[in-house]
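Here come two complexes built around subunit A, the first alongside subunit B, the second alongside subunit C.
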Partner chain A sequence: MDSNSTFEGDFHGFNGTSFNGTYGNSTNGNGTFTGAEDKVETIPISFYTPVLYAVILVVSLVLFSRHYKQQRLRQLAEQPDIFDEHDAEELYREIKEMSQTQKVHEKVLKAALLNRGAEAIRRTLKLKELGPQIELMYKSGTIGEDYWERFKAETKVVEAEFRDSIQEAEALQPGWPKLFATLCQEICFNQALSRRYHSILARKEVCIKEWDLQLNSDGTLKK
Partner chain B sequence: MSLLYNENSKKLSLPEERIEAAKAAGSLEALEINLEQVNKLAAGIIGESNPNFTPQPNDERSKMIKSMFESGLAQLKQQKLVEALKNITLAVELAQRSRMPYEAFAIQLQEIQFMMRHKIDLSLLTGRFLDALQDIEFLMNTGMAQSDVFIRKADALLKLRQYQDAAVCCERGLSLFPNETKLKALMHEIKRNLAEFNGEN
Partner chain C sequence: MALNYDYDESSETWPFFLLTVLLMAVLPLTLLQLRALFSSDSDSNNSSSAEESELSSLSKKYTPPATADFAAKFQHKGTSVLLSLRSLLCLVGWLAIAFLVQRISASGISGSMSGAGAFDPYEILGISSSASDRDIKSAYRKLSLKFHPDKLPKDLTEAAKTAMEEAFVQISKAYEALTDEAVKENYLKYGHPDGPQTTSHGIALPSLLIDSRASLVLVVLYIASFVVILPYFVAQWWNRSKMYTRGGLHVKTAARFASCLVNYKPSQVVTVDMIVHWLSRAEEFRILFPGHEPLYFENLLQDYLHGRDSGSAKENEARLRCVAKCHTLLHGMLEVCCGFRNLEIAIATLDTFKCIVQGVPMSRDAQIMQLPNVDAAAFHEGKVDDICTLGKLFTYDNDKIGKILGIKDADKLKDTLDVAAAIPHLQLLRADFVVPGEEYVTPLSTPYIAIKVLVRSAMHRVIPTDKFPAEMLAEPQDFEHMKNPFASMEKQPVLPTSYAPRFPVPRRNAWMCLLALQKDVRILQTPYKLERLSLANMHNHLDKRTVAKLGPDFDPHQWEVASIRMPLGQQAPQEVGAVHMRVVIKATDYFGADLDLTMTMDVREPPRVDEVRDDIYADDSDDGDDSEADGESDDEDSDEEYTDIDTDTDAED
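For the complex of A and B:
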């Protein structure tokens, strides 16, 4: 009977404490812990506490990402351009600005926009030509992370520049962009041809100087 | 004001202070090239009555250039080499000046390369080796890498007594066209001249 009553008592004790809400009680049957179990207090927390936690977390993440993005953009903006001038774009903007205060023929503005588009195509082609070599140099460690970033940023800038030119073309003459892109491509190639043609004279002068040539007025060599 | 615009001629130009500033910054050449390009394009577009103009080449200009070039060829047949060279040079100039940048590139390239080849031959025949050399460089810069271009360049350099450059040109030509007999003969000639220049003979 004694043993039975003990068992029952234990059993009650077990029942009475262990499933009252805390896992700590799973080691019951051992009287040592029963005192500690009694001291566990449930602190009532507000419904808003986890919400506040979540809000703080999300806000801090958003702030961090915004700050990081701004820092990255600032770093990218501070990097020097691969192309050292933006005359085509600047000329277009200047002419557009001028047309608001002064009477400028509409086709002059169109010409400046075509020149800007052609320049964007030229830069796109140059970057595409350079792309595989730069990637190879980056992978082999010849150029650093900063130049690689510059190259990637420049590619995006040039693409954006061409897209912007197309939008401007649409604004100038609705429905023009399709033809505009074709014209820009032809202009780009023809301007390259023209630049090569016009460099003939300058190169001739350099050759005369470097090789110390004596020429007659008709271009033949002096004997 | 950073740009000057002439309402009558519809041309843009740079004010003095901007020229000075660009000169100081070393960017004047690029700026002038761009301005020239815009002016040329504007002049062409203003002449177009169709707002949706296409890259189609202008027939009138094509006729003018062709007739000028053909008159040069006619003089060549009469063995008037200097006159033929003048007319062909004028035809090349006309093509460069009158053709608009938006006219089809493929046609413009073909046209100028064809005329340039004749101009180079005439320049070499009349002893204008430096002019011929510059025109050959132009052909090479526009992607023409044929054996006869290398032969003419090596020949022009040889006549200008630039033996080292002529040898380099010949070697380049021979690497692309190893069976070209004229290039091989030129290479021999250049080597002989180089040896003589270096006092070996």
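For the complex of A and C:
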């Protein structure tokens, strides 16, 4: 029964709420211990043991959560954007950088900013249009959680982008932002139209290839 | 009550514990294994006897040797390893169980433990439990006379004497238990006249594990299993379940496909090449062959489609492995397309599906190119009449077809024609929106789409819809059908394996049914996958080259009219009016087996309640209630004409 006694000793210690005290009296625990009780050994436990335990627990949890958060952030940062390219924004930043060292006409800078604003509006519209569909797909398990996270992040990024463009507009010419927003919207729609118009020729080429079409020199279909 | 924990010093309890744990694990595993065994048996039976169609044997015949080797290598290995490993586990489990059972029965303690502690005063005194006080007293007196130590005969051995004394003690205890108040209470409360007995709780661990040295090991093991191992495996499981979408797509792949669709500009023409380009970005390929760019996979897939050599044997095998992944990927992409509701891309995805399964590039002639033995150069050279469909091909006689396709050998031509004739085509007979139990679609009802099609071969003469009597094209009206209109679809046979010799995995054809609104050409719901359809009609003889015209001897009942019933994901609109929809039914494996139709959902007001009530009156009553019905119909003008109609029909009856 030697092996038992150490466990019973521990058991007692907690019941008597004394960690390093002595507890010769066997009746303060459960009462009806018999014979073997008298042989109980006492194991001195330092006062710092529970403190150490708590410290180790808390520190390990804190370390884990910090590590987890950092990993999560890194993963989010590593993920590609929803949109493939950021030409409009990059163009504006480059021109602005250039304007600090050399003379750039104000209109060039404004045009680049308008282009950037129009792109931001296009993205806002696109995300708004796709939002319910992406949410539905996420809920039905067609796309994973990270794409959903990316989508939510992108929505905020696009908003910030547009706000930033407006601030830049204010900085370029005070009082401009009001006109700037409507102008951007018009440019956005115009760009959409011109994209479609300019793609007609390219579409034609693809269709000729796809359907083995034979054309006359004037562009009509060969009969 | 004294508590006393005993470790399993004499190894009595832990075998029981272990046995329980083992049984818990081994029994379900064995059942699973048996079920897998039987289901695979029945599967192979099905495919070998009943469903081994002409097509699949032809498919095997025309499989390129490299593809056949590849299929044999990967399929066989995958299943057998799984089977043997699990079976081995089962076997070991059962051996361990047998050993434990043997050990337990040998120690022979199972029976003796239960009865030992029981104390029944009535039994000891030899009386029934309903005995009166007097009976108890007399029984006790009789027994005590017999067993009292003073009354024992002198010539007894020592052992017998102690047994007798023991019996006397028991008897007096039993008597006390039934007469003395305090003792009786003890007996009722604790089951023993002396009050509470010590209870011993065994812990099913052998004591050597608890000894001071080993206990440390045990504690470490305990901590390791609950702090390290368990969380590790749970995390693994969780990550893996998060790694793949519901459709079995890697989440990164799904995200990339979604990205492609988001960045797709409507001004682009959707082509199969574009879909293959998107497909090549799948994470699955990169997992299979790390360190390669999407362009590499795109080239492999394009090489496969155009039947080019990819360079080395290693690359050709890599190509087949990639291709074998494609059907899952394309189903996933279709799901994403439907999520973004883009019909154009969904259709291109299904075209790509066919291209990949048949291993031919997308072109106008794909229907012809999917046949075996076709000489593409000769076909393009001697092109007459602009043939690009199988139906058109079958307007010529066999020799001419051989010439058109550039096939000289008669046996090869027969194979080619067999394949061409066995590809199932769908002919639309009728399409309706049906609300179970209603005549027509009412606002906010839940209709389903019922499409009646004739499964036919390209060789068959087209049978006009009016050749079929109306009852063959009507939806059944019985209660079972109305309860679940889709149940009968499940009773159809599963489609047989397809003719797809270049695809490295056996394929079963399926039709994906897409539903889109005509208003904005947007997909309305997730695609419906049709995997069961009877192909009985394919064996009918109605060669359009021999049967010039459908004569009076044409019997429509020889033909089976198939029903495709698609659930509609949403209710009918609230407003009365017409909703135009487009239904696209595309086969995944064969070119030319598609159906593309427009349907109009005509939403009408339900019959008015008054009207219905009038109907009832008209049916039930002959004369008595007439005045009442008239009185009611007077209230509303519009109802009058309907009551007129009712009386008319009554008169006719």
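In the analysis below, the second predicted complex is superposed on the first by the 147 of 223 C-alpha atoms of A that agree within 3 Å, B and C clash if a C-alpha of one lies under 4 Å from a C-alpha of the other, contacts with A are read in each partner's own complex, and residues count from 1 in each chain.
Basically, contacts are C-beta pairs under 8 Å (C-beta built on N, C-alpha and C of every residue); 3 or more make two chains touch, one makes a residue touch a chain.
As the structure is a prediction and not an experimental result, all values here were calculated from the model.
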Any idea whether subunit B or subunit C touches more of subunit A? B
With both complexes overlaid on chain A, does A:Gln173 touch subunit B (first), subunit C (second), both or neither? first
Quick check for you: in the superposed arrangement, does A:Trp211 touch first (subunit B), second (subunit C), both or neither? both
Kindly classify A:Phe189 by the partners it touches after superposition: subunit B alone (first), subunit C alone (second), both, or neither? first
Give one of first, second, both or neither to describe whether A:Thr220 is in contact with subunit B, with subunit C, with both, or with none. first
Kindly classify A:Arg203 by the partners it touches after superposition: subunit B alone (first), subunit C alone (second), both, or neither? both
Using the superposition on chain A described above, determine whether A:Ser65 touches subunit B (first), subunit C (second), both, or neither. neither
Could you look at A:Ile143 and tell me whether it touches subunit B, subunit C, both or neither (first, second, both, neither)? second
Just subunit B (first), just subunit C (second), both, or neither: which does A:Gln75 touch? neither
Identify the residues of subunit A that lie in both the subunit B contact region and the subunit C contact region. 84, 195-196, 203, 207, 211
Can you tell me which positions in subunit A touch subunit C when the two form their complex? 2-4, 6, 30, 32-34, 80, 82-84, 126, 130, 133-134, 136-137, 140-147, 150, 195-196, 198-199, 202-203, 206-207, 210-212
Residues of subunit B defined as touching subunit A within the complex: 1-3, 5, 7, 10, 12, 27, 30-31, 33-35, 37-39, 41-42, 44-46, 51-55, 96, 99, 101-105, 108-109, 112, 123, 126-131, 133-135, 137-138, 141-142, 159-160, 162
In the complex, the residues of subunit C that touch subunit A are 1-3, 5, 7, 198, 207, 210-212, 215, 242-243, 245-247, 251-252, 254-255, 258-259, 262-263, 265-269, 271, 335-336, 339-341, 362-364, 526
Please output the residues of subunit A touching subunit B within their complex, sorted ascending. 84-85, 87-88, 91, 94-95, 98, 102-105, 107-108, 110-112, 114-115, 118-119, 173, 176, 179, 182-183, 185-187, 189-191, 193-197, 200-201, 203-204, 207-208, 211, 213, 215, 218-221
